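Worksheet: the structure to be examined is printed underneath.
Labels run A, B, C and D following the written order; every chain starts at residue 1.
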């Protein structure tokens, strides 16, 4: 079986400053993986490497096919990102932002109606511009936008950053529904608790190196936590 | 002031509107101030001269924008795409160099003389506008510009490509991550911008006739329009283009001594009041 | 009279209420921690107090005088400085050049003292973009400490640092504040670090003050456990 | 999107601690050494007329010398403020106009005229600077472009004909007065004028060099690189930028005054957009990152123009050259040479080049 996303010896750098070194991992269809590590460990960079935002060497494959480094290609192949900071396009309306997800030209269960079912808040403000949304609504919009591409793998970069606890609960619920549709998740989170609720496996980065991986229950172990923390 | 003068202002404003909307779109997407835009306009006008002489003005109206779209494609594929990581100012200066090259090539092909381009017979007379006889051809320019502007805005609002252009102008990286082929969008926009410059040149040919300095002369006005309208803002550019056309023409009647300075005064006034221009960066 | 006091500070961006009626008072030699979940308004708070963001309402006093409408430059000269969450240094200059640049303006006599305290000696002649990230954070902090400010507003000085570096950084902050009698506001994400370092702590949530007190009091506060500490596990 | 911390690991704690006698900007000793080099260069340059010994080529060298003032003024702002001005013609041409107008219409002595031209134009730069230095990037380019064009438009107006001569221009009229011992015929003779021009150019270049390395230069660099940090460090970020703009205008004004003396005649072409292009392209071809880039660029540019002009396709080749340099040598010719030589040096000595 081929993995939906595979990193083989990936190095990534910004302006010559190396951020990821020789990272190798694979994510299978339908599984949810948490990517953990301190600030600056290279988590966001790992996700952005898929889109060649940093300078990348080594192979990144989607479905066994090595991608060429064209930024728009991963989305078309079903690997979609909910970037850190949401990156809503502020001058477009909610509906227009969602329609951007269709640029990947993939069909499936997710369309504007099912996304609005998942996040009723968005449906209520469909005509508002992105800039007028609250932080939680923006996060929902960012997730909805990525779902519109009907991803096989949804990567989320710090989705709970800046959100109130109540909203986080709603988000976990929504992500459960996404999982049940068969979509794989790769979750970068500071809140280990959230990863433990959703993921079955973890990968840990430290100073750009993949230092540990295993089943989600191992995250509780003291030696694993120490390794990640330092 | 009379209706004829106001209409003159609208006709000039129409040309500025067409030119500056293309420039603003290119700037919005690639961040590059295209100093070759005046040279593209000039190419359109000279091509229109040749096509009108050999075929007809109506053919020129189709052929020239298409030919300019091809030049736009070259501009995008050879320069803008490969120089994306360079500073926008450097790329802007490269387009300045390109403008010098294009203008000289035109000079070599067509020579240094002013060339007249006849308007088609249908448009050659005058029409009655609120009791004033006014050259039909200028009304034609106005009509084309209004239709073009409406179509462009409608297309950007409604079509998928339009949505992608608006998204990529705001945040190219995020757009690409979402699966938008930003390179293709950019090619579309630069071709379209160049084609609009060609259209403006073709329309201007029978109005002003065709001469070697026309590119640089209009470039400065168009740059001012785009900055006053808010760099990258299509709506702002269109409004400012029309406004500048009217102000300049009307100003020539009321303040003949200062008319030539009005664009500069407008620019300084607007930027002192609102540093990002009327509309800020928005497409 | 407090050295530096902010009274019912509110900041709104259109509909969004980033801060609502927040009070704080800084005393010489005391490290005052501000914690709270991301989006609680911590960074906005530092921006508001340092003059970077305009207050929607409320006022800021320094030495008993109202400075709400004073410029960033005025505040720095009066002795209020800040550091940045997103490291704000001069990348193309050497470390010594930029510290000297700031020292020149702020009449610092004992630059060596700061350089030693933050262990910057070995990197003084290196170009800032080439030194380690943790060192850049120290340079950022050093620039805030130059010129004997009486109040320093520190916006997540440990952001992006690994654990050891954080501990070191906070240690430096506490020592420098005590030695120099500086009133420090320490905004931090790292809850443990704040509990270890600070004398007084304010907890922000959704732009309002949830709780205020000594570390022990805050640790035991029900509202804090429920809204913040409880979910941070 | 946040860029994560680079992996550069901890800095070597065993590295020797450098001496901590910190100074902001260049030392007096540096200033003195620079002065010696400048004097040597100035004296050496005086030999040029006797080496070249050809009136045509001396004329071209003088053109290069005059263009150098403009490209240096563009280069100074580009290097220290990160801003490209499209309006330096306003100062260069403006000053040249004032020299011609003051000597002919007002019958001032050449000394008075030159002093008035330089001071008046510098004052104009101050007024314009207040309007434009807040702008950045494209905004600054457009504002300076508009500024330069506005001056051009004023000069060509019919109602200004009495003063500016409109499209006809103005001729200077020194009569039988002298400037630093040079009469009209000496000023027009490139072999004689070269000496004056060269000494002033070297002096101005030296001033720019000192300014760039002084405390003022360091403050400019800080402002360019991180304006916000400068404000939070207690610096005014407007005045240094304004000062740099005015200084740059002053340099162009000095060149313009010399131009007025040397040519004895000015026409609106001097204020035109293409003339601004000459200064910018010369500066870029030479290299904006290095002080001497625009200096060398101006001479190269004028030389190339003299070669190309024979075929009548001057601006075609100018365009091609500037596109090629910008695309393939982004540091300009001098910048590329100095990078290459540094690389060569470091590969020989095995040391890391200084950034």
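As a convention for this text, contacts are C-beta pairs under 8 Å (C-beta built on N, C-alpha and C of every residue); 3 or more make two chains touch, one makes a residue touch a chain.
Everything numeric here is computed off the predicted structure, so don't read it as measured data.
Of all chains in the assembly, those touching chain A and also chain D are B, C. Farthest from chain B, judged by the mean position of CA atoms in each chain, is C.
Ranking C-D and A-B by contacting C-beta pairs places C-D first. One inter-chain figure worth recording: chain A and chain B are separated by 42 Å, centre to centre, where each centre is the mean of the chain's CA atoms.
One inter-chain figure worth recording: chain B and chain C are separated by 51 Å, centre to centre, where each centre is the mean of the chain's CA atoms. One inter-chain figure worth recording: chain B and chain D are separated by 33 Å, centre to centre, where each centre is the mean of the chain's CA atoms. Within chain A, the positions touching two or more other chains are listed as 39-40, 53, 83, 87, 207. For chain C, the set of residues that touch two or more other chains comprises 133, 160. For chain D, the set of residues touching two or more other chains reads 1-2, 4-6, 8-9. Taken together, the chain D residues at the contact with chain B in this complex read 1, 84, 131, 134-135, 137-139, 141-143, 145-147, 149-150, 153-154, 156-157, 159, 273-274, 277, 280-281, 284, 313, 315-316, 318-323, 326-327, 330.
Interface residues of chain B facing chain D in the complex, by the touch rule stated above, are 27, 33, 79, 83, 86, 88-90, 92-94, 96-101, 103-105, 108, 173, 216, 220, 223-224, 227, 231, 257, 260-261, 263-265, 267-268, 271-272, 275. Note for the complex: chain A touches chain C at residues 38-40, 132, 134-135, 161-165, 168, 191-193, 207, 229-230. Per the touch definition, chain D reaches chain C in the complex via residues 2, 4-6, 8-18, 20, 22-24, 215, 218-219, 221-222, 225-226, 228-229, 231-236, 355. The residues of chain B lying in touch with chain A in their complex are 160, 163-164, 166-167, 170-171, 173-182, 282.
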